[in-house]
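What follows are several structures.
Next, two complexes with subunit A in common: one pairs it with subunit B, the other with subunit C.
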Partner chain A sequence: MTTTAPAGTTAPAHQPPSDTTAAPRRRLSLTGGGGLFVLPFLVFFGLFLVWPVVQGIWMSLTDASLSLRDTEFVGFANYTEAFGDPDVWSSLGNTVFFTVISCVPLVLVALAMALLVHSGLAGQWVWRLAYFAPYLLPVTVVTLIWTWLYQPDIGLGNQLLTSLGMEPVGWLSDESVAMWSVAALTVWWTVGFNFLLYLAALQSLPVTYDEAAALDGAGAWRRLWSVTLPQLRHTTVLVAMLQVLASLKVFDQIYILTKGGPNGSTRPILEYVYDVGFTGYRLGYASAVSYVFFAIVIVISVVQLRFFRQEG
Partner chain B sequence: MNSAPPARGLPGAWDPGRPAGIGRRRLLRYGTAGAAALLAGGPLTGCASPARAGEASALKVWDLFQGGDGMLMDEMIAAVSRGPHGFDVDRTILDWGPSYYTKLAMSAAGGRASDVAVLHLSRLAGYAPGGLLDPLDLDLLAEFGVAEKDFAPAVWKRAQHRGTVYAIPLDVHPFIVFYDKDAADKAGLLDPSGHLAPMGSPEAFLDAGKKLAEVTGKSGVLFGHVTDTAQSWRQFAALYAQTGASFTLPDGGPPKIDIDAAVKVVSFMKQLFDGRTNPNNLDYNGAMAAFMDGRGGMIMAGEWELPTFRKSGIKHLGAAPFPQVFDRPAVYADSHSFVTPHQDDPDPARRREAHRYIAEIVKQSLTWASAGHIPAFLPVQARPQYARLDPQSSYAAAGEIAVLDPPNWFAGAGGNFQNRMCQPLQSALLGNTSAEKAVRQMVREADTLLRRPNPVA
Partner chain C sequence: MSAVSTPVRRPRRPRPEQPGSPLLLGHGRLPRVLAGTALTVFAAAWLLPLLWAVATSVQSEQDVMKSGLSPFKGAFTLSAYRQILDRGNVPTWAFNSVLTAALVTALTVAVSTLAAYGFSRGTFRGRRTLLALTVAAIMVPPQLLIVPLFEQMTMFHLVDTYAAVILPQVVAPMMVFILKRFFDGIPRELEDAARIDGASELRVFWSIVLPLSRPIVSAVAIFVFIGAWNNFMWPFIVTNDPDLMTLPVGLATVKDAYGIQYAQSMASALLAALPLIVMFLLFQRRIVNSVATTGLGGT
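This part shows the complex of A and B:
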């Protein structure tokens, strides 16, 4: 199967390029070959990623402040405080809740849209453009549009509801609704990217299996479930993993749309880190909270990877 | 590693037969040289650009004034830049809010801040004690014609930390009410001189809301607070101060607040914004739009919205200090002031220029008043031109009864405290929680902030 499938879909990714199989194992070297070419990247990577990570860990063990006060080593005091801070837990809960309610539709809706477009709908480019267009908008524009849609008084959402004889909804003011409103905005805004990944995968699938199944008398649904979806597994794994990580990082749209309100019901953990560190000057404590979150993200990623590997 | 030209690789990336002009090594060499030239050029051009040759470079000024305020500040800077003793000003405008204060703190902590910056007086307690501001030289300021006697005592007091003056106030900008004079007239709310008559009691204000709603056919009093991090607090702080009770935030906690008075205020706010005569679910822009569309007779907002309302075409716009409904008059306010952020190695000549600049700009505040702000510099307030400004002069008295945030490092404009106070208040106004519960949450939130280690002490 792997020999007939187009490259990049089902071929094992770990197969080494043929020209390196005979060569001795390469070591990292900056003197010859392409070393100089990657040097700029390595410098920036070290300077703007590795070094801040190390410095952040150190900072989380101090009472560093944005003011000119002397910094003192406080050991794990910041971590102890973080674990006992109800705001850390509530904002973490909000982040996880958002991740769950945004990731599921972001995968399923993207898949549905890709299947629809791939099914041979007329005017393909229109659909592709329409589905992908929102993704091109900057976050400020997206939130501005949706702020007006969610307007309690003159917003389109409530206008529609009231014209249908329904009660208006406090899209951003009702504590039990606000996070769903944020998720809806996020799905509208970013689903295009996942759609594109799915569409690319669908277009590179070999049609032979589908044709064979059709000849054997399998209906459209049967072919979807038993032929197409299993072949999209790797794409689904990729989309789901990227999406979980992206949703866990949620900050900008919430910060602009609700500032974490109403009553903290949409405040994600990253906004809490921002509040504590930059508005509240407590850089040491903010670092500790972000490393707690970092650890959680790593754990989630590893669990997810294991889960998908087992499935495979 | 193989040093010979590789036979593999991208087609066309390496062609030994080609002239060496565009070879990889050359490209790399030229690229490196180009990058080095860019790096070297940056600082050089940086030195060459500001000011006139041979003179001290331009005075660096940071502020957060955009839109109409920004243009007025431009005008004032242009006015002080004219003539032989004019300033050469390098102005940086940053976005209002937490981000401005973060950048200001970072630049001061780095010791290379601007020469002059704008700071809300309510934020002084978060900046002066941490060493982020350098004290002002009162003798120098006096030399340029600005002294303590030129400011209202309440405002001057807030410009100090432990007896040292760190800020020179430019204005007082209170939270007030704007109203449609025609609607208010029909509702019978104007006095014989055509100004908003005093309310005097919570009941009178509730009644006024109902009457205005009848006149407009939609809403009476508008207030945008949903998802806003300051509005509910501004309203609460004004009404709470009117009860005569005090709200203080002593380090280490607990906060000192009169629970009964606070509950009374929040209950009144809930009553006033009942969702029928006065909508309770508007956000800031929604309330502004509703008022400009004539869907409400009155709006509670900052005086800085005056230019926006003027442009909206409301025929007869009125403005008044925040109505007194409890025992004594009080309005919530803040004050834009000038400070000298901390510099590690300040140049005395530049510092002197910074002081002269602050003095000269403060004297220009009649221009500033045209946007609605009350000039903090009393000699400007006393000028007949100011008295002729309408409706600005009708709320000038608000400056005397101004109440700012209780001083503490986390309080003030764009700070965590206002945001945290707004969350339960917003919940109460939306009917999600009771006044008692909202006040209890406010106390709890304030206590949490007070118990945290003080990062500027």
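This part shows the complex of A and C:
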């Protein structure tokens, strides 16, 4: 405000100790030093993130239900029940299976698409639109379209198979096929985002290494393998990590497409949480199951971080 | 948004396409043909479901049910679209979708840019702790919060209101983090000059930092909008009144009620998809570039 203001309010880069010299009083002060800027966010953050997280932990220790009132504290009973619940394990298994069969193509297909588009052939915007457009569709639209493609009698899938002289497939009704059908839909729907991440990475790569290798007589494959792909390693790590976390949280498309059927074969853990909480009215137990799941997600991301750090 | 006018002002580049790396394919003819074929096969596979849906939506329900590999089995008709629009729900849902997505975007961008600026330039006590909390919150899957959030909405008597759909979506720790990283990279000398001239912090933020951050702010806005427009689980849980449903939620109920009406299903699906497809066509380059600017891409 006045000419003396900058010294006090800004440029912590020039005087980093300002924060620590005042250390004795560790009180939160949001009114000074730009704290007011953060305040609106903190209100939303506290109300709609911190509170529900804490409340969820509390609920998971009670027998809270949608039918309301006289909630009782039950300690870790919900958690012990969850560990002995075969439905938790089978839906967790489904989630992991889906994650494996969806993540591999979601990374590899995206990489292939980006490399092809980046190779500089004409018509870039057409390819970009074709690959990215499905990502823009709401989940209901995607599932409507694919329910139609998977329709047993006159859907495109079975029409193609029968025209090739093959047996029709129960895309969504056959227990051994249904999860693959869901994964195919998911790859089609979301690969565009990974494709964009790869494309952006490719466009920011320096061409000098590529040129140097070309001058040294390296062929196209050789340069792809020894120059371009290694340069993309960080992007691949990022894409793979984001993708694993996203796939573990699958719910929407499965809920609309199959409601977890046939016979529970496509029910992911989050749908089990939904079923228990909102159809079975056991909010306390649903919270416990979702925190078990959250713990697993954290463990998986830590393991991933470790693994990729060693690789890189 | 000012984003509309920007592409006009920017002079057209002489190169019609982003060049990519011609080196990648070498100079031979064969790799080009192979790459072109692969591109086309992928594009065909990715567009086929959409084209199939379009063809289905412009036929009568009877024609759709005929067997045969051709996607187009009968006479062209817009009756499916007419029936949907007559039923009246789709325009309501579209309005709800536009309203909630726009409000979520406006609120999120406002709250997040302010917070990111505070975290980047502020010296208030507890700044580091709060920033660490925000970053940690990126890990929390939103689905984890559904049950307690629903309880909270019941407590506040907000179930079946626009507020219930909108407010919880405004918390976007990832966006705050992305914006903060961008603000950190803006040189402070510019701001210090303004401060010496007596500008308030809000003024510095509004007149200096925000204009410099146009690309990142519009990138964040685009991603928040896509996310809000396509959000299914939360609006699905918190709205029961058909008049308050968004398009994705409403369409899911149509599918349950009229599951067999494929022409109508496809027509309503395409109506719901149209706004974002148009938006993508308008902002295509910006969307692609934004991935790079958010720092998600790159090496």
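What we mean here is this: the second predicted complex is superposed on the first by the 279 of 312 C-alpha atoms of A that agree within 3 Å, B and C clash if a C-alpha of one lies under 4 Å from a C-alpha of the other, contacts with A are read in each partner's own complex, and residues count from 1 in each chain.
Here, a contact is a pair of C-beta atoms (placed from the backbone, for glycine too) under 8 Å apart; a residue touches a chain by one contact, two chains touch by 3 or more.
Computed from a prediction, not measured in an experiment: that's the story for all the values here.
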| item | value |
| --- | --- |
| Chain touching more of subunit A, residue-wise (subunit B, subunit C) | C |
| Subunit B versus subunit C as contact partner of A:241, first or second or both or neither | neither |
| Touched partner set for A:296, first subunit B, second subunit C, both or neither | neither |
| Partner chain in contact with A:139 - subunit B first, subunit C second, else both or neither | second |
| First (subunit B), second (subunit C), both or neither touched by A:200 | second |
| Partner chain in contact with A:147 - subunit B first, subunit C second, else both or neither | both |
| Which of subunit B and subunit C A:104 touches, first, second, both or neither | neither |
| Which superposed partner A:280 touches (first subunit B, second subunit C, both, neither) | first |
| Subunit B versus subunit C as contact partner of A:161, first or second or both or neither | neither |
| Which superposed partner A:96 touches (first subunit B, second subunit C, both, neither) | neither |
| On subunit A, the residue positions that both subunit B and subunit C contact, one per complex | 19, 26, 29, 31-33, 35-36, 147, 151, 153-154, 278 |
| List of subunit C residues in touch with subunit A within their complex | 17-26, 28, 31-32, 35-36, 38-39, 42-43, 46-50, 52-53, 56, 64-69, 71, 110-112, 114-115, 117-119, 121-128, 130, 133-134, 137, 139-141, 143-152, 167-168, 170-171, 173, 176, 188, 191-192, 195-196, 198, 200-201, 205, 226, 229-230, 232-233, 237, 247-249, 251-252, 255, 262, 265-266, 268-270, 272-273, 276-277, 279-281, 284, 287-289, 291-292, 296-299 |
| List of subunit A residues in touch with subunit B within their complex | 19, 26, 29, 31-33, 35-36, 63, 65-69, 87, 147, 151-154, 170, 172-175, 257-264, 275, 278-282, 285 |
| Complex interface listing, subunit B residues touching subunit A | 1-3, 6, 8, 28, 98-99, 101-102, 105-106, 108-109, 126-127, 130-132, 226-229, 279, 281-283, 285-286, 289-290, 342, 409-410, 414-416, 419, 422-424, 426-427, 430, 432, 448, 452-453, 455-457 |
